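Paired with subunit B in one complex and with subunit C in the other, subunit A is shared by the two complexes that follow.
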Partner chain A sequence: MSAKEYFAEHRRFWIGICSVFVLVCAWELTLTYIFPVNPFFFTKPSLIGTAFLEQIQSAKLWHDLAVSSQAFIWGFSFAVVIGIPLGLVMGWRRRVEYSLDPFLTALYASPLVALAPLFIIIFGVGVTGKAALVFLLAVFPFVFNTFAGVKSTDSLLINVIRSFGGDEKDLYLKVILPSTIPYIIAGARLAIGRGLVGIIVGEFYAASEGIGFAISQAGDTYRLPEMFVGIIILSLIAVVLTELMRKLESTVAPWRASDEVR
Partner chain B sequence: MQPKKFFAEHESFILGTGFIVLLLIVWESIPLWYTLPRGMALFFTTPSKIAAAFYELLLNGTIEKHFYVSAIAFLVGLGLSIVVGIPLGLIMGRSRTLEDLLDPYITAANATPRIVFLPLLILWFGIGIWSKILIVFAGAVFPLLINTYVGVKNVNRVLVNVVRSFGANEWQLMKIVVLPNSVPYIIAGLRLAIGRAILGVVVGEFFGSSQGLGYMIASAATNYKVDVVFVGVFIFMALSVILTLAVKQLESRLASWRPETAKTF
Partner chain C sequence: MASFIQAQNLSLAFRPKNREAVTALTDLNLAVTKGEFVSIVGPSGCGKSTFLNIVLGLIKHDSGTLQFNGTPITGPSQERAMVFQEFGLLPWRTVEGNVELGLELKGTPAAERTRRAAELIKLVGLNGFESHYPHELSGGMKQRVGLARALATEPQVLLMDEPFAALDAQTRDLMQTELLQIWERTKKTVLFVTHSIEEAAYLSDRVIVMTARPGRTKDVLQIDLPRPRDYEMRLTPEFNEIKLRIWEVLKEELNSRAQT
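And then the complex of A and B:
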């Protein structure tokens, strides 16, 4: 009985695990017994597993991850520092909104990664170019989500602050910023995805180290297991970061329905 | 009409375009009041040079040739993702077992930037059009799939029960209730998918390619033809804005009752 209840509660989790397990087994068995694997074009889980163990023991993988995260953190921090204030001002000052909205919307809608080659030739293959690319991609979710958050601030609260003689600073710090935080976190979730795109494209395009470079180099030299290790590590990082933001979102603002369109 | 009243009425338009015009003027006039060092001048261009380059490339057919290649990759990839994403989303929304089975892959694939699969796709499908089509597909299919699925999940249970009580089978249920109810979500998904698809085209053509607008940008950048880079960037920008606005229009027409949320692309 209790086992059944337990299964009903964790149904999704266990079915998911089984599904992944069956797929991995089927992949392994098919390529071992039915179609013998051609290591140049295809690989199987056991080879990926061996490569994985080898990679996490080598210093190169950690070095690559450190290089990539350094660029990511710089770009992302600048996006936070510039995006949030800009969104606040845009949401609060009508004229600023009117002036900036069409311009920034056009930039947000367009694939700014198209600027990647230019950034790389201007800033070089180091951290700066990648960080600039990450910043450019990640800043807009912050701007527009902060903006939407300010717009949805309860005007009653604003009037209360005003009535009690609060000045502009109190207004921003005590009402607008707190009620905007859930939106900012949702923006951060989008920004993480876009920032990762920036890192990967920058490193695919021209780099000498970093996780994106490791993936593309493994691909160029037909080392498929190593390429899969890179891809798996990158998706693990992406999933962990995204789910963290989702958790944070529902902790900070449990009233906001989580079924919002992703 | 008094100018003041006119300004007040059209304030958002005037300020919006004014800001863009101002930016362009400032950009254009930078070389006039500041001589760039030689190293920087190599990377610098002005709007008038970009316009001249655009005109020239348009006349000699370069843009047309590259545009055609990019458009095919975009349209086929997006078409494939619509054909796969929407039906799969509908079925996943109706079947809990399938949903649970596929959930881990979809969560992982949605969080991961699909661009990482590009080297793999190039390895498997070569540097021709198919690797581009598939990277566009990989980018665009998840927003469509997930939005369709969310739309099906949010269908009013009462309506489902009514149609069931009158003896409809699963197919009729899908046609009468579920699909019409999910349309706004699907359109919202389509808007996201278009953005992802364009991203796929750009990046797909950066690497291992000899045609397409993305290739034009990448090769111009390696030859320090900055104005041509900007021509490509502005073409992509214009296309994205036009397509996004078109879908937005459709969205607001089909779903004027839905509350406004933050912009997402």
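And then the complex of A and C:
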């Protein structure tokens, strides 16, 4: 393969890389030569880079990440375990849908982080309070996407299963669940972003450790490079998790991934 | 010979919420003997497909009797299998997985399912495509899977709801001929709904013409063409004669519908 063909094939990736590179250079040069702002108020890539290298060698960063991850994993797992079955039942049973719909719609639309103080009061400052907040934010995408997936199940396939004498259990396992999986994964992608917000808000509000606390503390004490390190690490985590979900989708639902138009 | 499938004065009305009831079928009478290939033609919306779904057991009729092999039809049974117009294949299953579906629902052991599926996949000419997914298949191949799936459970009756309507003309001709070959080998009773007079005449022992809605049996035509039939037979004057006879009956219904 010639170099030209290689770039044509991976255009998306290389143009993306170039774009990031150009932005970082522009930022660095602007703050160095055009507007040399006091580093107290704003920072630049070279300082962030230095802080990054320092931070990843310190035990504190890894400890903070471990603390935050623990709360995230708990909250997210509960969102999966509760959100998916709830969405399935809501989609298939009209009465359940009609009874739960008002609450869920209202809660989904509201800025749920406003409940952070309440959650901290009920569950405390530790992992439990943050996990509860993550759960609250992450559960809705699972419920609503699973619900939408069930609703969009092809009625022809339902009839196929029925015509072969399948019962309710067969409908769930052989049609409804498989056809809903791509929706659930799309929901998971949304839930990751919302769950990370839950962690950060929880730790901004009341915490003594964790990545959100580290960001907030660095900001409060005007250590901007360190603050940006926290933010960049969070974005990296979000991107990696979201991409993992995309990969997962093309693995478990190849018939759908191939339909996707780029 | 006693009737294998017998419908007497079968009626059904749909009652959509907040709207007037629509009579789909009224006093439909029909008798099919075992091993017979019967086609149903009629104007769009005359209830042909509805009737097929009643025989399948997915829809309940309002009044009249419908018997299969001497007992009333009350719900789905693996003695009757449907081939759907839009195929109805599970996109997350391979060809093999789709063919095994009915057997799985029946509780057939895995080894037996695999053996049976392989047999059917060969019968419909899909060997080599066992692990392909439906989105990798052409329309004709998808319907072969649909046919194999329906035959896998060894039903006594094959119900076919415009199975070739979604295919292009050439694939359609090919599938018709192959269906006849499979039918001659398996000797299933077939109830075949179609819009195409040509298709009905080519495949059937008898063609039932239904009236415009509400659907009733208007006329039953015996197709006395020799078997096995092949594509060349379609070019004979006898074949065109039969098509004309069906057309004459159907035309009145299409006209009456056009006037309303």
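By our rule, the second predicted complex is superposed on the first by the 237 of 262 C-alpha atoms of A that agree within 3 Å, B and C clash if a C-alpha of one lies under 4 Å from a C-alpha of the other, contacts with A are read in each partner's own complex, and residues count from 1 in each chain.
In the analysis below, a residue touches a chain if its C-beta (ideal position, glycine included) is under 8 Å from a C-beta of that chain, and two chains touch if they have at least 3 such contacts.
Since we're looking at a predicted model, the values are computed, not measured.
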item: Contacts of A:34 with subunit B and subunit C, given as first, second, both or neither; value: neither
item: Which superposed partner A:101 touches (first subunit B, second subunit C, both, neither); value: first
item: Subunit B versus subunit C as contact partner of A:216, first or second or both or neither; value: first
item: Partner chain in contact with A:164 - subunit B first, subunit C second, else both or neither; value: second
item: Touched partner set for A:111, first subunit B, second subunit C, both or neither; value: first
item: Between subunit B and subunit C, more extensive residue contact with subunit A; value: B
item: First, second, both or neither for A:59, with subunit B first and subunit C second; value: neither
item: Partner chain(s) touched by A:8 [first = subunit B, second = subunit C, both, neither]; value: neither
item: Those residues of subunit A which subunit B touches in one complex and subunit C touches in the other; value: 259
item: Complex contacts: residues of subunit A adjacent to subunit C; value: 156-157, 159-166, 170, 174-175, 178-179, 253-256, 258-259
item: Subunit A partner contacts - residues on subunit C that touch it in the complex; value: 56-58, 76-78, 81-82, 84, 86, 88, 90-92, 101-102, 104-106, 133-135, 153
item: Of subunit A, residues touching subunit B in the complex; value: 11-12, 15-17, 19-20, 41, 95, 98-103, 105-111, 113-118, 120-122, 140-141, 144-145, 147-149, 183, 186-187, 190, 193, 196-197, 200-201, 204-205, 212, 215-216, 218-220, 222, 224, 227, 230-231, 234-235, 238-239, 241-243, 259-262
item: Contacting residues of subunit B [partner subunit A, same complex]; value: 11-12, 15-20, 23, 43, 97, 100-105, 107-113, 115-120, 122-124, 143, 146-147, 150, 153-154, 185, 188-189, 195, 198-199, 202-203, 206-207, 214, 217-218, 220-222, 224, 226, 229, 232-233, 236-237, 240-241, 244, 260-265
